[in-house]
Amino acid sequence: MINKTVNNVTEACAGVESGMTLMLGGFGLCGIPECAIGELQRLGVDQLTCISNNAGVDDFGLGLLLQTRQIKTMIASYVGENAEFERQMLSGELEVHLIPQGTLAQRCQAAQSGIPAFYTPAGYGTEVGQGKEAREFNGKMHLLEHAFQADFSFVKAWKGDTAGNLIFKGTARNFNPNMCGAAKITVAEVEELVPVGQLDPNQIHIPGIFVQRIFHGTDYQKRIEQRTVRTKEHGA
Amino acid sequence: MINKTVNNVTEACAGVESGMTLMLGGFGLCGIPECAIGELQRLGVDQLTCISNNAGVDDFGLGLLLQTRQIKTMIASYVGENAEFERQMLSGELEVHLIPQGTLAQRCQAAQSGIPAFYTPAGYGTEVGQGKEAREFNGKMHLLEHAFQADFSFVKAWKGDTAGNLIFKGTARNFNPNMCGAAKITVAEVEELVPVGQLDPNQIHIPGIFVQRIFHGTDYQKRIEQRTVRTKEHGA
Amino acid sequence: MALNKFQIAQRIAQEVKDGYYVNLGIGIPTLVANFVREDISVEFQSENGILGMGPFPWEGEEDADLINAGKQTITALPGAAFFDSALSFSMIRGQHVDLTILGAMEVSQNGDIANWKIPGKMVKGMGGAMDLVASADRIIVAMTHTNKAGDSKLLSACTLPLTGVGCVKKIVTDLAVLEVRDNAFHLLERAPGVSVKEIQEATEGALIIPDEVPEMLK
Amino acid sequence: MALNKFQIAQRIAQEVKDGYYVNLGIGIPTLVANFVREDISVEFQSENGILGMGPFPWEGEEDADLINAGKQTITALPGAAFFDSALSFSMIRGQHVDLTILGAMEVSQNGDIANWKIPGKMVKGMGGAMDLVASADRIIVAMTHTNKAGDSKLLSACTLPLTGVGCVKKIVTDLAVLEVRDNAFHLLERAPGVSVKEIQEATEGALIIPDEVPEMLK
């Protein structure tokens, strides 16, 4: 098998430059590439365009790169958890493109799949549709949406092997699989890195062909945004 | 959980009528819905349009429905294994639409996904592109292809639960997942049908929402088309 | 008396039928799950990637890798499935989800909905709402009849940026249940003790009032 | 002397580099796997849904659920992965596969390829070939220089229905290795003992012959 292993996050992020377009997996703070984000902050690259469903919170996730003003343009679907984001956006410091979540996912998958463009009903008749080709199919209006073009894709998986095969866990899967192979270089960080042959080939979510670099991530915080629980007293 | 179980293949195929458009999973004879094909033959419905990558062999798979002249139109990518098919096609008895394999898969997935149309480079400049909209993206020509519209989708999985969740095995996966939810009614036959809770939610290939009916299939022949082996004497 | 948010959720729960896959938005819609009849089978989809969502976890059993679209910790029921965002929206866009319940800031009498942006002020983003309203066959809006300033949220035309056009079919507010068709709000039910006149005064858009307007059933 | 099919495969194997993902078509291309250097890492993709394809199974270990695109029973190497057809063509269409090797009935001097249909006669279908040739950056055609009737398969223009336009970059035949560019076949190497004249006579399309044409290296 082709070996995709790199030794650490520094090697994994080699080649990232200011002004690049980056995809980052995760939904909220769930399944985000924590190690890569930390390294991007250390590298100090700026003028970045980031494609990610959310923008983190003030002091975690992509919020870290907002604090340090490394992000020029944010492409996301929901950014409601981040006061600094809102401030930079309303003041015009940050360029923001809000796009429907399903369109965001599909534009990633289109990039992964060599589909340059597709039609979707989401956003027709709204400001999302402004300036876009609209066309009727089966009596319903749709918008033409294009595949993303990105330089690096940073994803987080649960388990991976040295050939780059990935398995995600729970709802930490989210956008991560769709971003694999959707940029020129895909960097996967995993909680557990195993030799080839240890993952069941039937259970691999993303085959290694979509991944250029893989490394064992460490010191995951895995913050919870909304800790909601049942208590034994109140029942279900 | 919503229970999708039906008792047998007869219940599973209820509502199939002559003249309908059917999707059938499988690649060659690998992963084909053997039970459903048998029932379609027993039902005697004809004038069918079948969407399937291949057309079986003379005496198995979709070849059975060709023998009995139940298929009016075949939409496939490769039909080289079937002499009766070739005869019916060249004589004009059978209408045949040959389309690129990747386009076939993507037109299924588009139907599953509510994407009415997409662009692909496959077939541009060939007779596949005749009469289709061609458009340039990133300096390369692409064809506009549409989602399939079908009445029933028949798929074969390895394991399934009563909620309709499916897990496929090996290369018997092929088109089966892409056809789930790509027709008005999806019928899944499985080698092993288990109660909910027995499949790892992380390892489900197709969630039950894409499946309307599921049943435990029996008497699988699982024929091998090309039995190729190494022998101990000759080595690898 | 006007319904509280739990009562709104309770009334909407009556719209949830056996065998439905349901997507619940953030806020009041999330509460609907608590009121669905126990003798029917319903599965909840959360667009971040779970089908078969269960209740909140017991204290101490929270899993950071298991949340819903509101970023709340949740559980997975037996028979649940996890999936990626593209497949999740295949379910939504492909109309495999039977019912979508979501909140709104404004609904117009032709079924337009606005719930994602207040220009110059609030810019949370649309999340999955635009995909949901553009695709779903059955959409129920759960909201208060008027906003905090007392202005009607049921309008002849939306004033805020739209989330979707002509898509809302039913609205359940603290005052009433209404159907949206033929370019008007059709009053179906009123909250117990709420008069037709109160509803009329709280509705800016065209309101069609039948001869008899029953009170909502519990 | 003209190469046999194993020798053609052996020559093509030299084009396979370390770290390549390779898709092999049916026929001669399938044989290439046997000749790839053992000190490099290469993975074979089969478009029906496997990456990391291994050799044929030992007798008695055939699995009907494990075949390649030629419908042959195969094995999976440690580190292999199975996937559905849509994801398989995401690999191909998305240019994640580095090298495609396939057979042809005709190739034209501008890189067009025909390999799926003889009108009125042979109608096997294109399978994945159209996706492969429309997407791959590196395409090598493996074929005999002439057909059974002795007619050249390297033409000024294809006569058969096309599989793809302007996509073939390299051809390895029983007589020669050729590069396709600038609307001509450029002769790179000749089979051991085969003269330039023989190649010239077997090539209908424009053939560019450099001053020196080395014999292929084993």
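As written, the chains take the letters A, B, C and D, and residue 1 is the first residue of each chain.
The criterion applied here is as follows: contacts are C-beta pairs under 8 Å (C-beta built on N, C-alpha and C of every residue); 3 or more make two chains touch, one makes a residue touch a chain.
Treat the numbers as computed from the prediction; the structure is a model and nothing was measured.
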Query raised in the report: For the chain pairs B-D and B-C, which is connected through the larger number of C-beta pairs in contact?
Result: B-D
Query - Inter-chain centre distance, subunit B versus subunit C - centres from mean C-alpha coordinates, in Å - result: 36
Query raised in the report: From the C-alpha centre of subunit A to that of subunit C, how far is it in Å?
Result: 28
Report task. Please compute the C-alpha centroid of subunit C, do the same for subunit D, then give the distance between them in whole Å. Result -> 56
Report task. Pull out every residue in subunit A that's touching 2 or more other chains. Result -> 106, 109, 113-115, 120-121, 168-170, 202
Report summary line: Residue numbers in subunit C touching two or more further chains are 50, 76, 82-83, 86, 89, 92-93, 135
Query raised in the report: Between which chains does touch occur?
Result: A-B, A-C, A-D, B-C, B-D
Report task. Write out the stretch or stretches of subunit D touching subunit A in their complex. Result -> 19, 21, 41-43, 45, 50-52, 76-83, 86-87, 89-97, 135
Query raised in the report: What does subunit B use to touch subunit D in their complex?
Result: 27-31, 53, 76-81, 86, 89-90, 96, 98-106, 108-109, 120-128, 158, 168-178, 205, 222-232, 236
Report task. State the interface residues of subunit A toward subunit D in the complex, per the touch definition above. Result -> 1-3, 109, 111-115, 161-163, 165, 181, 196-197, 201-202, 204, 207-210
**Report entry** Residues of subunit D touching subunit B in the complex
**Finding:** 46-50, 55-74, 76, 82-86, 88-89, 92-93, 112, 116-117, 120-121, 123-131, 134-135, 161-166
Report task. Flag every residue of subunit A that touches subunit B in the complex, lowest number first. Result -> 106, 110, 113-121, 137-138, 140, 142, 146, 167-170, 202-203
